[in-house]
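Once you scroll down, you'll see the structures, which are given as C-alpha cells.
You will see chain A twice below: alongside chain B first, and alongside chain C after that.
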Partner chain A sequence: MTSVTPDHMSFPRRLGDGIRAIARIPVIGPLLARLPHLIVVLLLVSFCTFMLVHISSGSPAAAILGPSATPEAVAQINRELGLDRPLLDQYLHWMGNAVQGDFGNALVAPYGTVTSRIQIALPVTLQLAAMALLIAFLVAVPTAVYAGYRPGGKVDRILNATSIGSLAVPAFVLALVLALLLTLQVHLFPRTGWVAFTTDPLRSIRSAFLPALTLAMPMIAYFSRVLRAEIVQTLQEDFVLFARLRGLPIRVILFRYVLRPSCVSLVTISGVTLGSLLGGTVIVESIFALPGMGHLLLNAVVNSDYPLVQGGVLLTAVAYVVINALVDLSYSLIDPRMRNA
Partner chain B sequence: MTSTSASPSPSASASSDVPLLEVTDLSTTFTTPRGLIRANDSVSFTLHRGQTIGVVGETGSGKTVLGRSILGVLPRRYTTYTGSVRFQGTELTTRSRAELAKLWGPELAMVMQNPMTALAPARRIGQQLADGLRHHLGMSRGEAKAEAVRLLHDVRIPDPEQRSKVFPHQLSGGLRQRVTIALALAANPSLLIADEITTALDVTVAAQILDLLGRIRDEREMGLILVSHDLGVIATRTDAVKVMYAGRIVESASTRALFASPRHPYTEALLGSIPRHSHTPHAPLNAIPGAPPNLGRIPVGCAFAPRCPHAQERCRAEQPDLADDGAGHAVACHFPRNVPGGPAGAGTGEAIRVSSEVREGPGTAVVSATTGSSTATEGGT
Partner chain C sequence: MPRTTAESVTGTAGAHAAGAGTAGAGSAGAAGATASPARTRRTRTRQRWLGLAIVAAGLALLFLAVLPAAHLPAWARWLIAFAGLFAWFRGTDKAAKAHFGPRFQTGLWMAAIWTGFIVLLAVIAPMLPLQGPTHLPMDTPSWISANLFGDYILGTDGNGRDVLSRVINGSRVSLILGVGSAAIGVVLGMTIGVLAAHYGGLLDAIIRVVTDSLLSFPPLVLLLALVAVLKPTFSTLFLAFSFFVVPSMVRLSRGTAARLAAREHVLAAKALGARGPRIMVRELLPGVARVLLPFSGIIVAVLIIAAASLSFLGLGVPPPAPTWGGMISDAQDVLQQHPQGVLIPSIVLFITVVAFNRLGEGARAATDTRESVLG
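And now, the complex of A and B:
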C-alpha cells in the first residue's frame, strides 16, 4: 500500500506532523493554537475601527487645514491621503502597510509616524498598568486571604465596607482626593508630570505612584472580593482539614495550600483589567498630566487623526488577545490538574 | 491489656500502664438551626499503644464524629463536648484549639476517607511532606526533601525519588492513600485515626493499604482507630470492636468475641447483611429494614427498636445501658442475643458460621467477599 502512495501525498502529512510536534511544546503549542483566532479578531477589530473612524470623524482635511480651508485645498488633501478612493480600497492599502509595520503618519502636530508616537506613549501606560496591578495585588491578596480565613471577622468587615465605598467612588474624585492629600499636603509625590523610567527609575516610580494608586483602588476592592469568595470555598475542602490535622501552621496552609488553587477568578479578572489599562486610562492620565496611551488616543480622536486612532486601537486589540491567551495558559500553572487535559 | 483477650498484635503487650487514649462518657452535641443534635452519646473506650480498635456502624452512626471529637477538630462554635478524652493521661476536651493543634501531627493524626480530595492539588507531594517535616521536626529544606523521599519509600511507593516530584492527580488512588498515610505519619504520631480509608479504593489495593498500616502500627507501637463500615476490614484488622448506632456504642467486645457471638441484634443484623460466595445470585441481600434514626429526633428507649425484629415493649420505653458481662463483652440491649445460657440467636446461622471461621486463626477467609484478599499477610492487624 505505502509503496503505491506517491511522494507528494505523504509530504503534507509530514508537514502536519512537524506542526504537531511544535504544537506539543508547552506554551508555544497553545499560543499557536490561538493564532487563527488572533488573526480573525485583529481583522475584525481593524476593519471595524477603520470603518468607524472614517464614518464618524469629521473630515481629516478640515482638521489639518482649519476652518477656513477652500474646497479645492480639501480635495487636494483628500487626494494626497487617498481618501477619495473607495473605503475598502483604503482599508486594504492600510492593512498592506500595517502588516509590514507601517501604520502611516500622524496627521496633526506633533506629527511623526504612528509607530514612533505609540513608542513614546506606550511605556508610560505599561509602567502605570504594571504598578497599578502590583499595588492591587500587594494589598488585595493578603486582605482577601485573611478575610476569607475569618469570614465575618474584623478584616472581612472592613474589606466589605471599604470595597463598596471605593468601587462606588468615581476615579476622578479619588484621583483628586489622593492628589490633594498626598501631594499638596505632604509633598511626598509630585502633583503632575512624568519622568521616564529609563531616565531615573526612582523618580519615575514616584511620579507614577499616585496615578497608579488611583487606578489600583477599585482594582483592590474588586480583586479582594473575588479572591475572598474563592478562598472561603477552598477552605471547605478536605485537603485543608487534612493539612490542619497534620499540624501545619495556618499561615503555611493559607499561602501555600489554599491561595494557589483559589486564584483562577483573580487571574481572569486581572487579565481583563490589564487589557483595559493598556488601552489607556483617559481620566487618570488627564488629571495627572501623563503622556500615556489614553492621552494619545483621546487627542487623536478629537483631532480626527485617523491613522493614529487606528494604530492605537489595533495595538489595544492585540494586547487584549495576547493577554487573554496568557491568562488561559496560566490556568495550567495555577492548577496542575489542567495540564494533562 | 484490657478487654482484648487474644490480641493478634505482638507489640500490644509492650504498652505501659497509662492507656494511650481513654475516652469516658464522651458526648458531642451540635447546635443547629433545627435544634441540638447529639452525634455522640456517652461513648467510652480505652486504647493502648500497639492496639487497634475498630469502630463500625452504618453511615450516620457517629463514627466520623467520634474520630473528629477525639482530635477536637469539629467547628468550635457549634460543638459542645461533655465527658473526657484523656490522651497519655492529659485531658484534651478542655484544651484550646491552639493547644490541640500542637498535638496534631506529632501526637494525633488522621487519615481521611477520600485520597482524591485529601491532598492539596497544587503542591508537589514531596513539598507537602516537607512542609510538615520542616514545621514539626525543624528540618532544613534539603533534609526535609530527603526525608520525604524516605517516607514515600516507607509506605512502599515505587520510585519514591521520582514520585516526590509529581502532583497528587498524577497518582492512582492507592498510591495517593499511601501518600496520605506518609503525610499523617511524618511527625511520628502515637495515635492514628483511620477514617474509612479503604472505602474509596478497590479491594486489592485496600488490602495492601491495611497491611501497610498494620505493619507501621507494629513498628511504631502506634494506637490505631480503624473506622469502617466494612465488616471484613474490621474482622481481620482489629483487636477490639465498638459497634455504633445512633451515636452510641451498642456493643463492645474483642474482635473474636464479637464475630463469634454478636449480642446486639444490630450487630447480628450487620453480620447477616454481608453478601457471601454461597449467596444465591440475584437473590435480595439481607438488608436491615429501615434507616438509622435522625440524630435530632432519637426515639425514646432503644434507638434500634423500630428496626429490631426482637424488640419488645420495654425496648420502646427504656434505653438500655451498655452492660459488661465481666469478660469484656458489653452490649446495650435488654434482650441480648447469643449469650451463653440466654435465648439462642434464632436466624443467626450466618453469624455462627462466621464465628467458626474466625476460630481458625486471625484473618482467615471470613470476609473474602468484602475485602477480596482474605489473608492478613503482615501477621494480622
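And now, the complex of A and C:
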C-alpha cells in the first residue's frame, strides 16, 4: 500500500523528462511536477460530479414540480434550467460559473444560491473538524510517544486493545452512546443545537464538544497507532543513541528530536482525515442536529436538490485534492532529509 | 519461519497478541526454561484449571445478568453482563494458551467462530422457528425487555416485532452487502490494477487518473452521491458498494504488481518467451492476490459499517426489511427509556465488525512476507 512508482513514470518520455527536471527544484518543485496530474484529476472530478446528476433516476424537474407534473411543465423547467442543451455545452457552462463561485440556485426550500447556503454551512463543519483534530492530537500524540517509548508496556497494550475496539464502532453508535452517557446522565453538554462561534465562543465550543469528541475517537485510535509505529522505528536510529550518550533528558529526546521525523505518516493521515471530515461528518451532524456541510448534503440528496449536491460534492472533493497536495508538499518541511530523496 | 517474521514486522496487533500471551501464560514458559518438565506440566495444568474457573465465573455472571428472578435494574444487568463476558474471554484465553501453547491466538479463533456462527445463522434464518422479521403483530406490546426464558429472547421493538428475528434476518442484508460487494470489488480492482501495471503507458496513465479522481471524493460523500443517483434498493446498493471498493483496490494492486513486475521471476518468464496474459496470470496475480485478499476482511468490515450508516440515515435498504442500522435508527429516540433497542443491534454489529477486522488482520499477518514483496 505504501510505495507506488513516482508520478512521472507513466507520462510520455519527453514530458516526463521535463517534469523530472522541475521536480528537482527544492520545496515547490514536487508540487509543480504534480500540477499536470492534479489539473487532470480536478477536471475529471468536476466532470464526474456534473455527470452524477445526469445519470440520476430522479429528474430535477420532478424534484421541483412534484409527482403530478405534466410533460409540458417538465419540458418548460428543463428549458429554463438549460437541461435540453447538449451535455458538453451544459458542462462548460456549469464549470465556467463554478470557477467564478456560482453554482446556481437551490431547488428546494429554504432556496437561496448554493454559494450562500454553503457559506452558512461550511464554518460549522470547519469548527467541528478543527476541534476534532485538536482533541485527537492532544490525546494521541502523548499516548503514542509513551507507548512507542515503552513498546509492549502497559500503556501500549491498553492503547492497542482500545484502538482495535474504537475503530470498529460506527460513528452513529458512538455518538448515541456518548449522548446517552454525557448529556442525559450528566447535564454538562447540550444534546443538540448549535451556537455560532461568532455569537458566543464559549457556548459554541460547548455545543460542538460532543460531536467533535465523537469524530475524534476513531481518529485518536488511528493516529496513535500510526505514530507509535514510527516512534518505535525512529528510536532505533543512531542520532537517538547519540542524544542519550550526551545525557539529554528523555523528555527532550522524545519531544524535540524523535517526534518531528516520526510525524510524516501522521501528517499524511491527518490530511486525508481532514479532507474526509469536510464532507463526511454527515452522521454526526444528523444525530446532533448541526447545520453543517453534512446536513446540507444529506438534505440535498434526500430532496434530489441537484445544484446543491453538485456544489457540495465538488467543493469537498476539490478541498480533498488540494489538502492532499499540500500534505505532499509538507514532507520536506517536516524531514529535511527527504529533500534529497 | 515466515510467520514469525511477519508477526514481528506487522508490529501493532500481532506482536501485542503475542506480548499479552507472554504476560498471561508466559510465566509458565519462563519457568519451564529452568525448572523440570514435570513442574512445567503442573504449572500448565494449574493455568488451565484457573482459566476454566474464570470461564465458569464469567458464565455464572452472564446467567445472573439474564436471570429474570434476580430483581436488578437494567444498568446493573448490563454491567454484570459485560463483566461476565470479559471474564469469559480472559478465562478462555488463559486456558487456551495453557493448552495450545502461549502463541495461541484466542482472539483470532473467537473471531473465526463468531463469523462462522453469524454466517450460518444468516443462511438458515428462513428455516429457524422465528416470527417473520416484518411480521407486525397487533397484540404484542412494544418494548418487552429481553428475557431468556420468555417468548421473546431479545424482547420486542417499538412495533412489537421480535428483535431476535430482526437481528438474525438483518445479518443477511449486512453480510450479503458486505461480503458480496467486497468480493466483486476486490476481484475487479485486482484485474484492473494488474492490467494497468503490466501494460503501463497510456492505459496506466488513464486508469491512474480515473482512480485518483474517484479517490478524491470523501468516502461517505461518494456513497451518498451514488445512493442519490441510484435510489436505494438492495441491488443498487450492492452495485454502489462494489463500485465504492474498486478504486482503492486498483491503487493497491497496481502498486504491488508494479513492484512485482521488476523482479527476477518475471524477467525469467519473459526470457522464456511468456506473453502478457501468462505473465499477468501466472507471475503477477498470485503475488497481488497475496496482498489483496487478506485486505478483504477489513473491507467487509468497512462495508458492513457503511451499510449500517446508510440504513441509519434512512438511505439504506428500505424498510420494513430488517437492517441493523435501521433498527438502531428506529430506537434512537427512546434511547433513554429503552436503551436495549439501540444496544442489542449495536453490540451484534460491533462484534461482527471486530471479527472481520481481526480475521483480515490475522490473514495479513500470516501472508505478509514483506521482504519478498519488496524484492
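Basically, the second predicted complex is superposed on the first by the 297 of 341 C-alpha atoms of A that agree within 3 Å, B and C clash if a C-alpha of one lies under 4 Å from a C-alpha of the other, contacts with A are read in each partner's own complex, and residues count from 1 in each chain.
Keep in mind that, in the parts below, a contact is a pair of C-beta atoms (placed from the backbone, for glycine too) under 8 Å apart; a residue touches a chain by one contact, two chains touch by 3 or more.
All values derive from a computational prediction rather than experimental measurement.
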*Could you classify chain B and chain C on chain A, in the superposed arrangement, as clash or fit?*
fit
_Which chain, chain B or chain C, ends up touching more residues of chain A in the combined arrangement?_
C
_For A:257 in the superposed arrangement: first (chain B), second (chain C), both or neither?_
first
*For A:180, decide between first (touching chain B), second (touching chain C), both and neither.*
second
*Could you look at A:249 and tell me whether it touches chain B, chain C, both or neither (first, second, both, neither)?*
first
*Considering only touches as defined above, state whether A:309 meets chain B (first), chain C (second), both or neither.*
second
_Output check: A:34 vs chain B and chain C. Expected answer is one of first, second, both, neither. What do you get?_
neither
*State whether A:206 touches chain B only (first), chain C only (second), both chains, or neither.*
neither
_Output check: A:298 vs chain B and chain C. Expected answer is one of first, second, both, neither. What do you get?_
second
*Could you state the shortest Cα distance, in Å, between chain B and chain C after the structures are superposed?*
11
*For chain B, which residues are in contact with chain A within the complex?*
71, 73, 101-106, 108-110, 112, 114, 117-123, 131-132, 135-136, 167, 169-170, 180, 183-184, 186-187
_Touching residues (chain side chain A, partner chain C) in the complex_ = 1-5, 10-11, 37, 40-41, 44-45, 48-49, 52-53, 55-58, 151-152, 156-157, 160, 164-165, 167-173, 176-177, 179-180, 184, 225, 228-229, 232, 275-280, 282-283, 286-287, 297-298, 300-302, 304, 309, 312-313, 316-318, 320-321, 324
_Give the list of chain A residues in touch with chain B in this complex._
237-239, 241-249, 252, 256-257, 260-261, 334-337, 340
*Enumerate the contact residues on chain C facing chain A in the complex.*
11-13, 15-16, 19-20, 23, 200-201, 204-205, 208-210, 212-214, 216-221, 224-225, 227-231, 251-252, 254-255, 258-259, 301, 305, 308-309, 312-315, 325, 328-329, 332, 335-336, 339, 342, 346, 349-350, 353-354, 357-358
